[in-house]
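Each of the next two complexes has subunit A plus one more chain, namely subunit B in the first and subunit C in the second.
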Partner chain A sequence: MAEQHERLSLEHILHEFEDCADLTRRNFPEIGADIVYFSHTVDNLLLINQVLDPLSALQRKKELEQLLRESQFVRVTDSKTAVTGILEGGVAVFAADTVHLIDVYGPEARSVSESETESIIAGPHDAFVESATTNISLIRRRIRSSHLKVIHCSVGEISKTDVYILYIKDIANLAYVQDLQQRIERIETDAINDGGMLSQYLEDKQTSVFPQFLTTERPDVSSSKLVSGKILVLIDNSPTSISAPASFFEFFSSSDDYYERWVLGTALRLVRYVALIITLTFTALYVAVTTFHYEMIPEALLLTLAESRNRVPFPPVYEALLMEFTIELLREAGARLPTKVGQTIGIVGGIVIGQAAVQAGLTSNILIISVASSAIASFVIPNYLMSASLRVIRFGIIILAGIWGNMGLVIAIAVIVIHLCSLSSLGASYLVPVAPMRGRDWKDVFIRAPFSLLLTRPTQNRTPNPIRQKNRK
Partner chain B sequence: MVNKIAGMLMLVLLLTGCSTDQRILDKLGMVQTIALDQADGDKLLVTASIPVIDPNAELKREILQAETNSVKEARLVFSRQTDLRMVSGQMRELLFGIDLAEKGLWKYVETQLRDPSVGFSVKLTVVDGKAGELLAAEHKPHADTGRYITHLLEKEAAGNNIPATTLYEFSRDYNDDGIDVIAPIVADGGSKVRVTGIALFAGDRVVMRVPVKEGLIFALCRGNLKRGEAAINLGDTIGKPEVVVFSSVTSKRKVKVHRMQDGRFKVDLYVSLQGSVLDYTGERTLREEKDRHELEKELSLSIEDKAEQLIRQMQQKKTDALGFGQYVRGRLSYKAWKAMDWRETFPEVEVDCRAKVKIKDYGKYM
Partner chain C sequence: MNEKIRPFNLAVLVYMSQVGIVVFTLPRTLADYFGTNGWLILIPCFLLSGFNIYLISLVYKLGNGRSVFEIMEQSIPKPLLYPFYMGLTAVWMMFGCVIGKKYVLLFQMLAFPTTNPMLFKLMFDILAFMLITKGIYTISRAATMFFWITAWMYLLLLWVLPDFNWVRLTPFILQGGHNQFKGLLEVYGAFLGYEISILLFPYIDRRKKMMAAIQAGNAYLSVSYINLGLVSFGIFSSDQLKQLLYPLLDILAYIQFPFVERLENLLYGFFMFLVLMTVVMYWWGAVETAGRIVPRLKRQVLAFVLLAITYGISFLPKTIDEIDAWISFLGNITTGVAFGLPVLLITVLLIQKKGEKSGG
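The block that comes next holds the complex of A and B.
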């Protein structure tokens, strides 16, 4: 507060930005004007057209006063506004005893390119970049409606990062919008660097392993979420957008389900749910069966399984944990390395470790198959955060299966289901449309019905306008 | 909250101490087949066959033998002979020597039924001779005789001629009123194991054997067949050798019970059989409709004859393996049924068999 009352002057601003070597100051002696800005946050072309050229053309102070009366120059009176203005990409013009700000924001940004983490085969390939304004433009380009509203907030006591809440008036539920806005405004932390990080601050239960908001870097997914009545949050300097509210099953749908024929879309969805079951339980089932329930093994498989276990010196739990851990090591190493080296890691891991571990008698063949298929199944799940969460949970299930067999497996699944039931996303149930039961939504959750049947928006969004498409007959 | 989590962790750690019920696959001796024989005195000769897991081992199975008073006691004796933990959860086959089968099997079957790790689909087979010897004998190229017998019977049961009897079926038929147990009989045929017929029980004792060549007639009378193959020999009926081989046989049986004036029961057994002729060695031309109908009639007569003969034998031995009693029971009140001793009444029943054969098609090329 004290700062606001301080006299606004060039000296004061320079004092404020003391030791900021990247600050640019230019002097126009003919008209007695000074300009101060950060050259890397301004758009050079704009700077030349809007500020440098007009100012150099001036000969007398009178003309300067006239120029500053134009609407792009905003008069500021307190130093705090001036400082923020300069930080946000403005140029401060000090003339005589007045100070004006002109916004020529335009920092360097990566150009729009393909998404690395969420690539699809058919459909648009563009992905969000690190500039929120570019990201909003990608959305606006897809939704040309004045009803698309953008609320601006900022988070981070130090970083002051821009956050934009996007929603479509008359389709999104305003109660959700308000709730989300309040949650964003309540955040008190020094800096937030990414959408994934922001989403954790906004979640209903931050301690849960499951992501409670859907994060994506695909503008086509984001705009379809907006149109279905969800709210989108974009944060500057991050390509990750958050859409809310989200349900558990949303993480298993991918945008190309809608771009391909409905039969294929449905089949792929079912494949992903099967992948969910495989990734959670397959290795655990192997452990349970080989440790406790030898009765369950079919006759034809019995000898093969027993033979492959024959030389393994550890109990099945340790064997399974060892291999699962190795796969995680490989995955993490592959993710950290450049693509070309990453391939080498894949070969080393796949062939050398897989084959050699079996030959050395450290693990059984069938375990390798089960661990590998669980790992592959986890990569089938389109959302990276969800698939990572499931991979972590798997370890718990394997340990429980090693302690109590199938009983442990069932306990683990029960605990997961109970936990999922307790979750909510922006106050809406996380398990919609299963609990509470919303039969109408099933045709767009477990299968992807033909568009002629997808007439309504998802009930979870509590949209005031649930009809998506009139029934054509 | 912290206390709760600590409590849970303690529970998890402490309960791992209780996991002595671990049965790690490669440390188990999984009994595949048990053969039971009568030994000297009242003792049992128990033979167990355990598959050897090591792929490099020369022998693919291990045979353990013990003379004990009970099957479960034998398990204890066995575990003193092997480095593996003996379990019975992968048992597929129970073989009973004929001596034992003629004295009664229920107590041995019951012990298995009461063991929760033994499945209901364990097969139960009577061995003509010593079961233990059959199991211990080698039948090349089959490395594991127990497994060989199991698969042999499975295949036979799929072809409809010889029924495979499971533990479940045995106990169901044994405990049910108005039907008797049956089981396949196998015998050592030198280098091969042969299926030689069907054992019919009265209670839990084998009293009669149906030879393999009558297996089809027995199967037709006992239930409905699907997708079977059948060879009917007309030689006995018409005096000269003539064989009709059917494929894709479907048959239905129907039982009707009447009460005759003198209070005895009369059972009408209707058997209808349909199939396509695969082979025919007689002189008729199947192309002619008249000839075909005549052949159908002859076949029907032959089936009727053989069936009635078979049932007469069963009546003499007092075994109602076809389950006529169940239909009689359906005609009576509970009291009247309970008051009657069906085993004694069954021989008095008059049985009339009517067969109807239909040739669906003929001349099929394989």
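The block that comes next holds the complex of A and C.
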């Protein structure tokens, strides 16, 4: 006990933060008090109102004792708590032989703005920011219920990043909440910097190419997931939220679907599934047909195709891989560059792969069309992680189609389907509602039925309260 | 999570394990052995398979949903049982293997005459291995996915309907056939696959009407066979069907779109999903059975060893004719197993019940 008391002294804390030039220490000689804090993690107004002004106003030590009895000052007796408190935006007040902490956390943060990766046409435009508390406030503003519960955990042995698990009591399945909490607590790593990174630590199969949790930057999407019985995970310093469990088909719906008329929402969903098929198979089918199965092309089209391909010196599979790779280069370059320079990339890329490659005899016109349609189709898929995964898989399909034609294409599809079948998200099948079959959910997965028909919550969430809407009109 | 196979998925699983390579030759077999309106023979086959499934459901009821292996091991001494298990494993492994080989040979004939078919067979076996080692729940999910991926192909029959003519069916019934008993066995082979459901008892949801689901899977298969039979007899007539090696491929080759034609080899690729599921279910059954003999051996290792052995054996039959002979021979044994196994189990269960009564 004596040792602990000795360790928790101003000297010890200063020693602990030795060589931390950003630590601020102030002294109040009249009352014999010292305060220690990090100026960039505290809210300046709070600091002045709650600490600096009251302490400056004091004249005698007795008054200080009285002030420290107020509830915002928390007495600490061990140095670990004091150090953590200072790191978490507290001010440590050292007076005589006692130490108190007061929480005045309020770091600088980006203000709420539009999401750049998940833009929509109709609906709310605000997006999460890097502060988890602001993000929770964006959710609470949308779900004003005391049933919205928040569990706090922390991850990262060094970073000690705050992680919050959000769920709605009586709607979310508590088994999932517990499972998720255990998975978060089991993580042992130095630091986790983003929601996307955290979700990979939490997944059932980390080696898979597919994302097994849905990540989003949009608070409206997140709160609708919560209301449907899913669990949300927010991590401090990241605008990405994770919702679990997730199904493969969930990645193909966007929040616009609900904000627009149901017919339009349904049409858009169907377009996205067609896009999935195009992005995976179109170029591969071109390769299969032009390498092995010329008989599949009707005579009129065959002449055009042969004319277009007659100057190309490579087998179709090389030609396709070359163009797909160029498109990936352009996409990656465009993503890294500032918007103004990014436009140049678009123009250069457009000319190079649109015109020059064909004229130089490196590739055929029809291939350009097929590669471009595959690329465009991949961008139709609303979730960036899913669309990126599908683009990677596409290369494998093209290579297999180049080796074994249509059979290679079919084998590739089989491999993907078998892999998808073996995946799960928090232990629930990744392919719900198709396998296992849940016909009831189809009307909010492949189509977006009118709201009067969307009466139940998705079955994958195993919610104790499956009825979403009672009045049938 | 306590996952159980649900009725819809069971029905799909049964259907998917039944429909396989035979579908390509079925109309010809019907016309060849039974002559005019041979497709009618599918109806008694459907009833017969329905009866066999009824026997399986009796096993389920009498055994209270216990695993069939448990039922047998309770009453039959192991020295007797193990050779029986080995026999079952061998039959099911080989039957699956020759079905896979036939699919591969057909594909080679269609599109890749110069490629070594055993390469395709290797790829096919790898796919099957991936599924078998992941367990029955993944297999059931895959069956459901493949079912939806292939279900739309029935709509293609609509494409040929304008050429359907009732006159070609003729008013005569089953005229011009030969060796009808052999034909019946061969046609019945098209229905096989449902018998593996006898091994699924521990994995299904007991609260639901699972036996009805198996019947539903079989009924769906029968309806699609009858459709296919009727359409092919109405398009080709029974005499022409006798001349066609693979009438279904001819139907598929007939379909044309403005931007693509001769779809048969792409569509034939889609049939791989159906054949794969049939083979996987037989092999899964075989691995489960062999697993009772060597319970300590990891399933992955066991599956690998068994698949490697059958892959080796599949080098032996080289031509489609040889394969057909193997298929019909193994098919007959599998039919025997399909009826014999439930009958054996029912007998064992009745004896067990009698023993319990007299003992209690």
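The rule is short, and it goes like this: the second predicted complex is superposed on the first by the 465 of 473 C-alpha atoms of A that agree within 3 Å, B and C clash if a C-alpha of one lies under 4 Å from a C-alpha of the other, contacts with A are read in each partner's own complex, and residues count from 1 in each chain.
The rule is simple: a residue touches a chain if its C-beta (ideal position, glycine included) is under 8 Å from a C-beta of that chain, and two chains touch if they have at least 3 such contacts.
This structure is a prediction, so every number in the text was calculated from the model and none was measured.
In the superposition on chain A, A:C421 makes contact with subunit C only, not with subunit B. When the two complexes are overlaid on their common chain A, residue A:I297 makes contact with subunit B and with subunit C alike. Within the superposed three-chain model, A:I376 lies out of touch with both subunit B and subunit C [touch as defined at top].
Looking at the superposed arrangement, the partner reaching more residues of subunit A, out of subunit B and subunit C, is C.
By the touch criterion defined above, A:A435 lies against subunit C but remains apart from subunit B after alignment on the C-alpha atoms of chain A. Once the two complexes are overlaid on the shared chain, A:L174 sits clear of subunit B and of subunit C alike. After overlaying the two complexes on the shared chain, residue contacts for A:A306 are found with subunit B alone; subunit C is out of touch. Residues 292-293, 295, 297, 404 of subunit A lie in contact with subunit B in one complex and with subunit C in the other.
On subunit B, the positions that touch subunit A within their shared complex are 12, 15-16, 19, 21-26, 28, 30, 51, 53-55, 87, 89-90, 92, 117, 119. Those residues of subunit A that touch subunit C in the complex are listed here as 292-293, 295-298, 301, 404-407, 409-411, 413-415, 417-418, 420-422, 427-429, 431, 434-437, 439. Against subunit B, the residues of subunit A that register as touching in their complex are 289-295, 297, 299, 302-303, 305-307, 309-310, 312, 315-316, 403-404.
On the subunit C side of its complex with subunit A, the touching residues are 1, 3, 5-6, 8-9, 12, 107, 111-112, 115, 120, 123, 127, 130-131, 134, 138, 140-146, 148-149, 256, 258-263, 265-266, 268-270, 272-273, 276.
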